[in-house]
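The same subunit A turns up in both complexes below, where it pairs with subunit B and then with subunit C.
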Partner chain A sequence: MKTTTLDRAAALRADFPILARKIGGRRLVYLDNGATSQKPEPVIRTLDDYYRFHNANVHRGAHTLSEEATTLYEQARLHIARFINAPSDTQVIYTSGTTESINLVANTWGRANLGPGDEVLITEMEHHSNIVPWHILRDQLGFTLRYVPVTDDGLLDEDALDDLLTERTKLFSFIHVSNVLGTVNPAAELTARAHAVGAKVLIDGAQSVPHMPVDVQALDADFLVFSGHKMCGPTGIGVLYGKRELLEAMPPFKGGGEMIRDVKMSGSTWADLPHKFEAGTPPIAQAIGLGAAVEYLTGIGMAWVHEHEQELLAYAYPRLGEIEGLRILGPGPTRRSGLISFILDDVHPHDLAAVLDQAGVAVRAGHHCAQPLHDRFGISASARASFYLYNTPEEVDILCAALEKAQDIFAF
Partner chain B sequence: MSAEELIEDFSFLETWEERFRLIVEMGRELEPMDPADKVDANRMLGCQSRVWITCRPTDENPPRLHFVGDSDAQIVKGLIAVVFEVYNDQTPQTILDTDIRALFAELGLANHLTPSRANGLNSMVERIRAFAAE
Partner chain C sequence: MNPVILEHYKHPRRHGALAAPTVRRRDVNPFCGDEVTIDLLLANGRIEDAGFDGRGCSLSLAAASILLDNVTGRPIDAVRRMSSDDMLALLDMEIGPIRRKCALLPFSVLQACLAEEKNGHE
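On to the complex of A and B.
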């Protein structure tokens, strides 16, 4: 293994104060990054500075603090736009996260464009946030929801796409990187195939944008959604990117202050992008914090983050595979991101997580908000270790040792 | 076994590993649940593990409540056994008067009985108390 990314990861750990914590006297081994990432000093400091020196409401007051807050808030939008190579920062809509972004598209673009006879295509590997909004909307509008099947080795069944993508398909909404299988879906290719039948494409980037370079123009995505808290940013802030003509044609999602041009007794007209979709006082500190997170990640380089996680994966995948009775879900190490879900014979994932916690190791256990996918593989739950830029091979070793201890405790 | 005996048993255990082993052991000795009772109506909400519980009152006056419970996770099953050591076959009044949280704290298990919906144990205790209040 190259030592370059590992040396740097060890150095980057110093940026994350929480990683110095002890859990029950043991060093914290944080492998639950798929759920949320830890926050580096520059982000923590930015939030602190904002509240100490610049706090005010944005786009409103003609006073110094409001102007400073507005400038910081809009600068963050610019950083985020550059981060995903959006043509314009006005196409970056602040939301509370991936879930709200998808609900926004469903309730605005969806209501305006979907009805009986239309089809929305999603996949069997979606997170609940990209299933349930479509269930709700389908029951109201009467369109058909279809699913791209997942193969036994955890890939999308691309052959089935020929039958599933038709002129009836109005939207193909898929997860870029599976939060359970780790599968990296060929987003550009899937998008091109959807566009070929005239469908719009929504890419759920919750597990891709934090971990690899993502370029909305290279992907030709109509919509890209992601969450700030999984990429070193605060909770409560996320993004909806959309193509300009789509966003402009979409009605607003929520009504209130800030999103209007004019309000009369007889009716209202909407503000320009992006403010049309940002009713009320937005999560100002969180947006500015996400801007700081994006700057931090840009400084490190997303190509490096991706390379480092791939190195960790290349180390962890065979190590975990050596553990007797351990089964890794999803594809082999070449088509996946740095997260590994697994089941251990005769040990329930909840029991595993409880033992790992005692060993200082934080992993996720459960259905990871992807029940249909677990049903597909005939299991009720799994455990998941997910890496980020600050994880190291020693932490993989600690994980493996703790797994073996768990086997010992629960063995019959 | 009374709460005092449980506390005494646990007090000899110095490491979390020993405590886990005892909990798992207690779970294995739990009265088996009829698979037919493992239905949604008897299931607690929890996203990490599945927990079921049934309650049958005796004909005595006041009745004693007999609980049977199960989980697909061994630690949770063991924790159910801990709860049952205190609550099972007691009168409703005794159940309502017993503070299980204090016992869990004393056993060093308090973090397993948080209001988090993760393991279903908290909703199980709520369900037992609801049975007792009926």
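On to the complex of A and C.
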């Protein structure tokens, strides 16, 4: 591995105070970044500063604090827009996260555009947040929900896609990077194929935007959704990016303060983008915190983050593969992101996570909110190690040693 | 790892279905997909025999083993009065809010068995 990347990762660790924590006397090896990332000092400081010095409600009141809070809140939106190369910051809608962003699209664009005879296409590798909203809506509107199958090696079945994408398809909503398989789906190509039949495209970027450069214009995405907490930002904040003409045509999602132009007893008219979709007092500190996270990541460079994780993956994939009885889910090391889910003979993923925890290693165990995908592979749960910019090969070694220990403990 | 849990996991008591159970109930833990099925043979107001089957982590399966061992032979009414804290006390270890769901899965299946039996008689 290139020493430059490693030296940089080691230096970046100092930005994350929690990484100095000990778990049961051992150094924390945090490999649950797919669930949520840790937060760097600049983000923590931004939140602290906001509450100490600038706290006020936004877009109301003409006092100094409200002006400051509003400026910070809108500057963050601008940083986020640049981060994903959105044509305008007015196309960046603050939500509480990926889940709310998808529910927003389902309940506004979906209700206005879907009915019997229409089809929404998703894939077998979706997170529950890109399945359940469509189940709920389908039961109300009577459209058909279809799934692109996943091949045994964890890729989307592109041949099946030809038959599934038809003029009946109104929306193709897919996961950019699988939170279980690590598969990086060819988002630009999938989007072009969907557009060719006239379908709109929603890309779930929850596991891509934090880990690689994502450019909404290059992808030609109609909608892109992601969560702040997986990319060094606070919880409670996420983004819906949409093409202007779509967002403008969509009815509002929630009604209340902040999202209106004019309210009379007889009815209301809506504010312009993006505020039309931001009813009520928003998560102000969180949005500003996400702005700080995006600035932090931009400073490091998303190309570097991606490269570093690919190097960790190249190191970890064969090492894990050497462990007897360990089966890695998903594609080989070249078409995947920096996360590895696996099952270990005779050791339930929960037990594995518990033994790893005793070694200070944090991994995720369970179905990772992707039950249909686990069903597809005939398993009920798996364990997942997911990397971020501050992880090191040494931590991979600690993981592997702890896995072997778990095998010893649970051997029958 | 807690040695008692590990021992029950590797050598579970009352493992396997009963030939002619009075009630059988299965449930899953929605957080991890673990599942436990419990069979009870009820007679004379008592749990005469019990058996379980399932797939899950050491904690959920050891909890089934420990629980069924404890309740077999006891009066149904007394077992119905058991609380989840009583169940956790049987395990005698510290359990956080996430693993608690694993630890309590067999207990909730057992209580569902007894509730079903009650309804069946009313």
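As a working rule, the second predicted complex is superposed on the first by the 412 of 412 C-alpha atoms of A that agree within 3 Å, B and C clash if a C-alpha of one lies under 4 Å from a C-alpha of the other, contacts with A are read in each partner's own complex, and residues count from 1 in each chain.
Note that contacts are C-beta pairs under 8 Å (C-beta built on N, C-alpha and C of every residue); 3 or more make two chains touch, one makes a residue touch a chain.
Bear in mind the structure is a predicted one, so any value in this text is a computation, not a measurement.
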Clash or fit: subunit B and subunit C on subunit A? clash
Kindly classify A:H374 by the partners it touches after superposition: subunit B alone (first), subunit C alone (second), both, or neither? second
Is A:H348 in contact with subunit B, with subunit C, with both, or with neither (first, second, both, neither)? both
Looking at A:G24, would you say it contacts subunit B, subunit C, both, or neither? Reply first, second, both or neither. first
Applying the document's definition of touch, where does A:K405 land relative to subunit B and subunit C: first, second, both, or neither? first
Touching partner for A:N113 - first (subunit B), second (subunit C), both, neither: neither
In the overlay, answer first, second, both or neither for which of subunit B and subunit C A:T90 touches. neither
After superposition on chain A, the subunit A residues reached by both subunit B and subunit C are 348-351, 354-355, 358, 365-367, 380-381, 409-410
Subunit B contacts subunit A in the complex at 16-17, 20-21, 24, 47-50, 72-76, 112, 118-119
Within their complex, state which residues of subunit A touch subunit B. 24, 347-351, 353-355, 358, 365-367, 380-381, 405, 409-410
Flag every residue of subunit A that touches subunit C in the complex, lowest number first. 348-351, 354-355, 358, 365-367, 371, 374, 380-381, 409-410, 412
Subunit A partner, complex, touching residues on subunit C are 1, 6, 9-10, 31-35, 55-59, 99, 102
